[in-house]
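Labels for the chains are A, B, C and D, by order of writing; each one numbers its residues from 1.
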Amino acid sequence: MVLDNFKSVISKYDVIFFDAFGVLKTYNGLIPGIEKTFDYLKEHGKDFYVVTNDASRSPEQLAESYVKMGIADVTADRIISSGMLAREYLDYKFREGLVAYVGTDNSAHYIETLGLKTISIREVNLDEAHNINALVFMDDEGFDWNTDLTKTLNLLRKRNIPVIVANTDKTYPASKNRLSIAVGALAKMIEDTIGRQFIRFGKPDPQMFIFAYQHIKNYPNVSKRNILMVGDTLQTDILGGNKFGLDTALVLTGNTQAEDAEVRIRSTGIIPTYICVSAVVE
Amino acid sequence: MVLDNFKSVISKYDVIFFDAFGVLKTYNGLIPGIEKTFDYLKEHGKDFYVVTNDASRSPEQLAESYVKMGIADVTADRIISSGMLAREYLDYKFREGLVAYVGTDNSAHYIETLGLKTISIREVNLDEAHNINALVFMDDEGFDWNTDLTKTLNLLRKRNIPVIVANTDKTYPASKNRLSIAVGALAKMIEDTIGRQFIRFGKPDPQMFIFAYQHIKNYPNVSKRNILMVGDTLQTDILGGNKFGLDTALVLTGNTQAEDAEVRIRSTGIIPTYICVSAVVE
Amino acid sequence: MVLDNFKSVISKYDVIFFDAFGVLKTYNGLIPGIEKTFDYLKEHGKDFYVVTNDASRSPEQLAESYVKMGIADVTADRIISSGMLAREYLDYKFREGLVAYVGTDNSAHYIETLGLKTISIREVNLDEAHNINALVFMDDEGFDWNTDLTKTLNLLRKRNIPVIVANTDKTYPASKNRLSIAVGALAKMIEDTIGRQFIRFGKPDPQMFIFAYQHIKNYPNVSKRNILMVGDTLQTDILGGNKFGLDTALVLTGNTQAEDAEVRIRSTGIIPTYICVSAVVE
Amino acid sequence: MVLDNFKSVISKYDVIFFDAFGVLKTYNGLIPGIEKTFDYLKEHGKDFYVVTNDASRSPEQLAESYVKMGIADVTADRIISSGMLAREYLDYKFREGLVAYVGTDNSAHYIETLGLKTISIREVNLDEAHNINALVFMDDEGFDWNTDLTKTLNLLRKRNIPVIVANTDKTYPASKNRLSIAVGALAKMIEDTIGRQFIRFGKPDPQMFIFAYQHIKNYPNVSKRNILMVGDTLQTDILGGNKFGLDTALVLTGNTQAEDAEVRIRSTGIIPTYICVSAVVE
């Protein structure tokens, strides 16, 4: 496997899209040295965006978390999350009534900024559910899986309403050796059980990439040829970036480890343009 | 849709296999009048067995529950459950160490009768899991879904061990208008998330039917032509019975309602030999 | 089921996206009366586009076929096909070598306009395939399924190259009572068999809708709120339009028939904003 | 990876089940040395059966092919094929009319021995299909895929009849470096396209193993503990054998190669009891 130098790779592009988890940060903080990458980007006038499957918080709150870790460059206007797409969907398509949500109250605050009335699945009374007109899966926390997933199933049996999944990931890293089950897996279980089609937002769906593309500020009308997608996961970052017509760089600091990369590329048929040790500019 | 008379249907067969839920009983007791069916079977020397996707209790405990509802005919030796197949699997294939289980302690007692040592997923310590050599999904109760399903996922990431699903059903009726999520749906979520292949027991798998077939006492060497499978669900009872070579009767007292029966038969291509209002002999 | 009047529905929108098959035309010509719809659109200054899963011909050739049927309004610049997306993908991502195609020579001519060298799967010699760097499924005709699908499988076993599916549909109507198997079904069979991930273009994928959105000429910066998607298929037209944030109208002249519409909407959970008898303005 | 000695492995069992392709033979003849295995079995009084996903010929014809290759021990009564299960299904469940078949005339001869009237899909006239009461997928040869698979789809749209798939394999080896597409893949494409449920016979389905179990002659009432399943494919031979409660031996002469075995076992979670270089007794 030939490894490419990350610095010489990004030097060829005007705009860089980064995945967050496994590329910029891990469960316990920043990828060591990643601040040098942001210095390089600023110095060379590159534009960049973080494209992330996350609906647990608003872009503003996500940006704050980077500040806390010591990176001020990742401002809210540089973050494209699957939660933003779910919010936009509700903005266009939701007309009246209540939106029930599966997740923390914090995840709901973000969609409430549209002026929508929301209700946690915790608080839903199935006998008074007639004015619930949409359901959104936001986060895996903030509710009791035993009682509230069962309630979710029965709510959907009563009400044929649109169901939005604001993060399609099945797991996320909770610590060095532990994964947590993400809301995408819980939503999939309910979808399979009820046999209906949910509306899912998140990479590899091209809608994430077009949303990011439309947010590019410093290079209006940039050609896709001058954008690079950097990610650690073949099935989301690389597949989605490829399909949208971008060049793609796989980094080995997250889901795909050095010893597995070649086998996985061969077995999935998902082929990155480059493979780099990490997204750190040395 | 032409409806067949249940009495004249069963009169043609020596042995009857019944599904339990939606055929003999519902969430709150026996199907009204079903005792007349057992009277008829006894009077005419028909042999019968209950073939059920259930691993929550032993056949003895299942039989007791029929006695409590007022039916003494469904003795333990007439019950074939998916839990029995899971138990048999462990008996043949499990050599040493601990079996972790997802479910109630009661569901585990049944597999402990083999002399196996078991541990609830609740009690598993991931740092001391080296002697856990199999995992069994038994029941949807008896553990905390938030913490213990996540623990299940991480146990399987640490230990490449056989995983047995003792009931493949995705839901079961909890009351007139409510479904509960069954252990089959929880197991499927973990299977999809980890990407491994679990070993699943339950209708429509032919192993359930061959197990029942081998238990027939009064008609040794009966031809499959003289056995009827009676069920309320096309995807499990009817598909499984058909595939095993049995004639099948769909009854309309459970999952498949009179107004949907024709549409579902046409759209699934699963065709019962007969359709009857219920399994009650009038 | 309440039916909406198509004329009063489209009066509320500035831009209309139409599916082709089952909405504007059928296997043997135009939907009777559809010319009145185009008259209405012109008279009222509405902009419209045809958004179609089709890679068998270029937009120019598709436009010609409307002229032959008697409609001059559907010009090439008003047609958005899945073939255009496949062509764009190759334009951005394909660097050198040969593109093998599964389909007619005519379907390949369109991608050759990029300056690419192409070769029909018919002509591929597996022992000299080292310079084939992409494979595109374009059409179900133009090759022998027995020999050439087998050759496709073996080509992909030899070469780990990107595979593009330029039309995801599984069937298309060949006559009043007959369906043909579309290239999307053939591609899916090869994808399942080899276990790799293909890159698929076509509704309900949002990339089709963003591509159409970017082609709107007369209403630059139109809000999604002022665009209506009209289609006959819940799983492609309505699901895709909804997800992209558009209002949607289901018409009953194609895949979804009046007697099935309600059952299908309930069972799939895909909910159109309107249901109309047809796309004909009366 | 610790390799087990095949001779000492089989010495522990009374009955051996062998897969055919990749274990006893390959595309161009017997596995070199396999005759020594049959000598050993005879000498030590072991009983053995060949359990194979194959419906292209009758057991008699399959046995003949072993004689031609120089092995006389594999007699017809020692062969259990998925075609036998399909034939048994028709024997129990098919009452009257015509069985349409997808495959060679030779594959149909075998089911005709039941006294059924059959018709090749090649000869079917869709306007006179009212007396076709079942469809069987037998083989990938003997018909034109372009015209006859399309005809199959339209036949099933007209007639809601049981569809039997007599071999679930997706591919088979045609030469050292080439695979052929098997009838299981073609059937799956039609099943996905029409959305109905077909009845499928073949490993890993337990029905194959119970059928073999019931055919054991020399060890009546042998415990499953004394039967070994030997195969080259994790997803069919090993998964099916394990689930049926048998010990299993993976050999590395077919689908699973030495360098991949460990990775595949880890990623699928399908765990053989033993791993051996080949089924040759040295």
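Basically, contacts are C-beta pairs under 8 Å (C-beta built on N, C-alpha and C of every residue); 3 or more make two chains touch, one makes a residue touch a chain.
None of the values given here were measured: they were computed from a predicted structure.
More C-beta pairs touch across one of C-D and A-C than the other; that pair is A-C.
Farthest chain from chain D (centres taken as the mean of C-alpha atoms): A.
With centres defined as mean CA coordinates, chain C is found 28 Å away from chain A. Centre-to-centre separation between chain C and chain D, using Cα means, comes to 39 Å. If you draw each protein chain as a dot and join the dots that touch, you get one closed loop, with every dot joined to exactly two others.
According to the touch criterion at the top of this document, the contacting chain pairs are A-B, A-C, B-D, C-D. Contacts from chain D toward chain C in the complex involve residues 126, 144-146, 149-150, 153-154, 157-158, 170-171, 174, 177-181, 185-186, 188-189, 192-193.
Of all residues in chain A, only 88-89, 91-93, 156, 160-163, 194-199, 205-207, 210, 224-225, 235, 239, 242-247, 265-271 touch chain C in the complex they form.
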